[in-house]
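The following pair of complexes shares a single chain, chain A, combined with chain B in the former and chain C in the latter.
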Partner chain A sequence: MINIQYMIRPLFYKEWMKTRWFLLLTFIVLVGVSSYAMMVFQHAVSRKGMEHLLIMMLMRKATLVHLVKYLPIGVGLGMAIVQFVPEMHKKCLKLTLHLPFVISKSIGVMLAWGTLMLTLCFASSFLIIFGTLYGPLPSELLAQSISTLYPWYAAGFFAYFMTSATVLEPTWGWRIGYVLITALGLRIFLLSDQPFAYTHFTWEMIGLIILASTLSWQSVHRFKVGHQD
Partner chain B sequence: MTAIIECKNLTHSYGKRLIYENLNFEVPKGRILGLLGKNGTGKTTTINILSGFLRPQRGACKIFGDDIQSMPASLRANIGLLIEGHVQYQFMTIEQIERFYSQCYPKWKKEPYYELMNKLKVAPKQRISRMSCGQRSQVALGLILAQDPELLILDDFSLGLDPGYRRLFVDYLRDYASSENKTVFLTSHIIQDMERLVDDCIIMDYGKILLQQPVKQLLETIHCYQFETDEASHIDRLIDDNELYNPTCLGKKVELYSFLTKDALVKKMHDVSIDYQHLSSAQVNLEDAFIGLTGKY
Partner chain C sequence: MNRIYQITFVIFIAILALWQLPWGYRFVFKKQTQTTLPFMLFSPVSHEFSYYEKDDQNNLIGKDLAGRTYTSNELDSVLPLFYYRQLADRHALPDTIAGEAMPISKIKKGRFIFRSSPDDINGPITPLYMLLESEPKRLDFSFPTDFFRCTNQGLEFIDMKTNKIKKVKSEHFTQTLKAMGCQFPIIKLHSNPSVRKAYDNGYLMVDSRHQLFQLKMTHGEADCQALILPKGVEANQVFITEYASHKSLGFVTDMSHKMYLIDAATGTTHSIDIPGFDPTIQDIMIIGNPLIWTVRIQDSMSTTYYGLDAHDYHLYKKKVYPNKQNSFIGLHFTSWKDGYVRTRWN
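After this line comes the complex of A and B, so read on.
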């Protein structure tokens, strides 16, 4: 049995080959948009004063981070496409499944790559926002902004896992089903922009993401045993 | 002789369309076996089952004694797989794909791969997506040679190749398999290539195997008989005879294939009262034998 550490290196290399340009672009866009959002914040502080901004945040529940809202979803979706469409092109996935590695672990390593890269991208965006807001904002208002942000990042992971399962799926019936689940799931993640709206839904969100992450194995299993329309 | 591949009672259908039922065959170690069949007879289905990408509805396939569906992952290192159309990771270059696979296979030998790439005069940084089908076929072959597996499974290896690349592929593979005592299971639409390459053949017809035997033996024993007759309609009397294959009639001229000797055929025609003239027997190649056994349509 080939140990998992021997499969990580080649599989990560393959995933890097597919995703490096997308990751570079994503990093630039995420860092750029997050920085721009924070520049808008700093500009507003210098123009209207911090007190005005704090009142706006308290009274109108303004969060200062709305520019970032749809980016994680786009990144998650794009990552899955860049990673798995080349695998399905001319059924290249057969090559991956024929490697001398346990198939379920190979799929796990590929998804782990995507998850790791998304985490790094989202973390870079989050750190820019957190780093900018940490000093000027009181902790309650900082928590208010972060509470708005994290469901969007969670939606990015959900979009990634659902799109991966959809792309890897060999049958149209399941593919359409997955698209519908993705649309409904994302609707849930984006229901409200209000601060702390998802505080009591965090575990459910994590549960949805974990559930979505298991679907890729189901798709690959169907591919492996030859399901087709 | 040890069987590297053993398939027993394979049965598969797509929906209501039965592809085959109770198919049995073995591939002995060190032999090159070609699977011949018309479109839709189940060649790709068989390759998909053998490479573990299709679960047969009934029956089992074993490679190296292990059931394909539950085969340990490490055993796949001993099986070289060429997917129809010489599919490889398009996003990699010649150099990158070699680096990737070398980390996956313990017995990796990069020399045969780069030897083949030098022959093609392709640059190490050339992307596979920008290569011609012929060049891609050599990349796929080079990677299999570098993997150094005991068994090679090649699905329609000649698809999309011009005669030069086909010949290069066949000669390289033949030389490699015979010098290293490798076992090869392959399919191709170009039967002339098969004749040059394979030791044994399986000829499939719809739902069954017509025969499995060494190509040399087949070509020595099968005959193409031609004769003329004024009673072309009487040919119907030969159609149901299971020792005579696909009698066809064009004007007065009749052609049929059989493993019977000329004397045995003469006796049979006499028994069914067919008058004939100018009976002749022609030597056949593998393509003729295939057409003769399976029919033109």
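After this line comes the complex of A and C, so read on.
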């Protein structure tokens, strides 16, 4: 068996080759939509004045970031498809099973790549929003906007792990089960758009993401022992 | 290792099943947890709770809890302060009601509706507040150009345009409140920051010793008064009122959930003759007129109606309707009692 540390770079390179165009597109869309949302904010300030905008934010609980809402989910879903559909379609996963290192570790490296890339994409979107709002908004109103944003990013990670497990899953029965879990699980992340609504739910969200991340290994295990429709 | 993955999958299924199955069961079988009650008002004429109901032919008929039935016109006369426009239209509005002269102007001035829901109290808020100028130069109110936040040291006004703290104004308002005996931090406060109102009562505030204060801004200056609570009473939740009668400053509940009305003229409090109202778990609606208040308090256990005298707030009558209990316990993430998403069993 080859030590996994020697395999990280080649595996990351493989993932890079598969996902680079998707990542470029995702980066452009996320940065573009986040920038557009902030341009709408700046346009409103120049037209109506900062006072008017802040009063509306306070009284109507407006957050200025609603345009971003479903993007992280789309990005997570797309990332998993781009990463794992070729593995299954071109039977690459079968080849990977015959490589001289532990399959669970190589799946871990692949998921780590996806997680890292999603983090970078979401961070770029977040930094554009935070950087624009940090100066003009009082900390309370800045927190109001940011507090609605992070459950959506969390939903993006959840969508990524669940879609990965679904794509890697060799049997239709389990696939349908995973799709149901994905739909209901995503509903939990989108239960409320109200600012600060998820303040007491951060650990639960992290727990759900961690649980979702383990399901891919289960799918690969079933693939390895020969379950297939 | 495979065992661990199977366990995580089972955990996932269990969470989603505990969440969705009770909801699905209620949705399919339409199990209502709360009885639908009619809209009831206490009559100053019959001294009984009266309401409209639809009969088998879908016609509206009036009823009261004493078992009497009324036609629509008769019910207008039983609840003359609620249906006064209907009566006036038919030239049937009496000059006196319950022995008291009651011109339309008096009825209009004395009517109000007060509502509060646990969601208003427990829900997430952005802790920035707007203090309107109470005596604007022009007739209409306008929004201020600053907010204030409550800190442990006092009030901090922030200029909206520059996002900079207004040190002079912050110091002035903090010192004025301190001079009235206010001890920071402010733990509860309430106002009606609308510009579409007849007058402004500013903010009701509860300080760290549970004492009560009113703060307004008049000609740009802090206008503050300490309100007098009965001995031993510690204010808990406050609600500002700006009703046409100008009689009240607001409502306050104490730490044992007793409810009081704050008299605008004297700054004193009057006890309201209801056993208790906990704004964090109960929903309240008061429909008031110059003679009678009908109070409805709802929580998960029951809905209670109270008929009170509008002069001294003593209780005429009450009626309790227990709610049907939900026997199907499940996992929920949202609640009507607050706006937070969190794990809860009920």
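Here is the rule we use: the second predicted complex is superposed on the first by the 226 of 229 C-alpha atoms of A that agree within 3 Å, B and C clash if a C-alpha of one lies under 4 Å from a C-alpha of the other, contacts with A are read in each partner's own complex, and residues count from 1 in each chain.
To be clear about the criterion, a contact is a pair of C-beta atoms (placed from the backbone, for glycine too) under 8 Å apart; a residue touches a chain by one contact, two chains touch by 3 or more.
Here the structure is a predicted model, which is why all the values come from computation and not from measurement.
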So, after the overlay on chain A, do chain B and chain C clash or fit? They fit
Regarding the shared-chain residue A:Lys61, is it in contact with chain B (first), chain C (second), both, or neither?
-> second
In the superposed arrangement, does A:Pro138 touch chain B (first), chain C (second), both or neither?
-> second
Winner by number of chain A residues touched, once chain B and chain C are compared | C
Report for A:Ser192: first if it touches chain B alone, second if chain C alone, otherwise both or neither.
-> second
In the overlaid three-chain picture, find the nearest pair of C-alpha atoms across chain B and chain C and give that distance in Å.
-> 13
Mind listing the chain B positions that touch chain A in their complex?
-> 48, 51-55, 72-77, 79, 81, 83, 85, 87-92, 96, 99-101, 103-105
The chain A residues in contact with chain B across the complex are 1-2, 6-7, 9-10, 13-14, 17-18, 86, 89-92, 94-95, 97-103, 223-226
Chain C residues within the chain A interface of the complex | 1-2, 4-6, 8-9, 11-13, 16, 19-20, 123-128, 130, 143, 145, 147, 149, 158, 160-161, 163, 193, 333-334, 339-343
Going by the contact rule at the top, pick out the chain A residues touching chain C in the complex.
-> 49-51, 54-55, 58-59, 61, 104, 135-138, 140-141, 143-144, 177, 180-181, 184-185, 188, 191-192, 194-201, 204, 211-212, 214-215, 217-218, 221
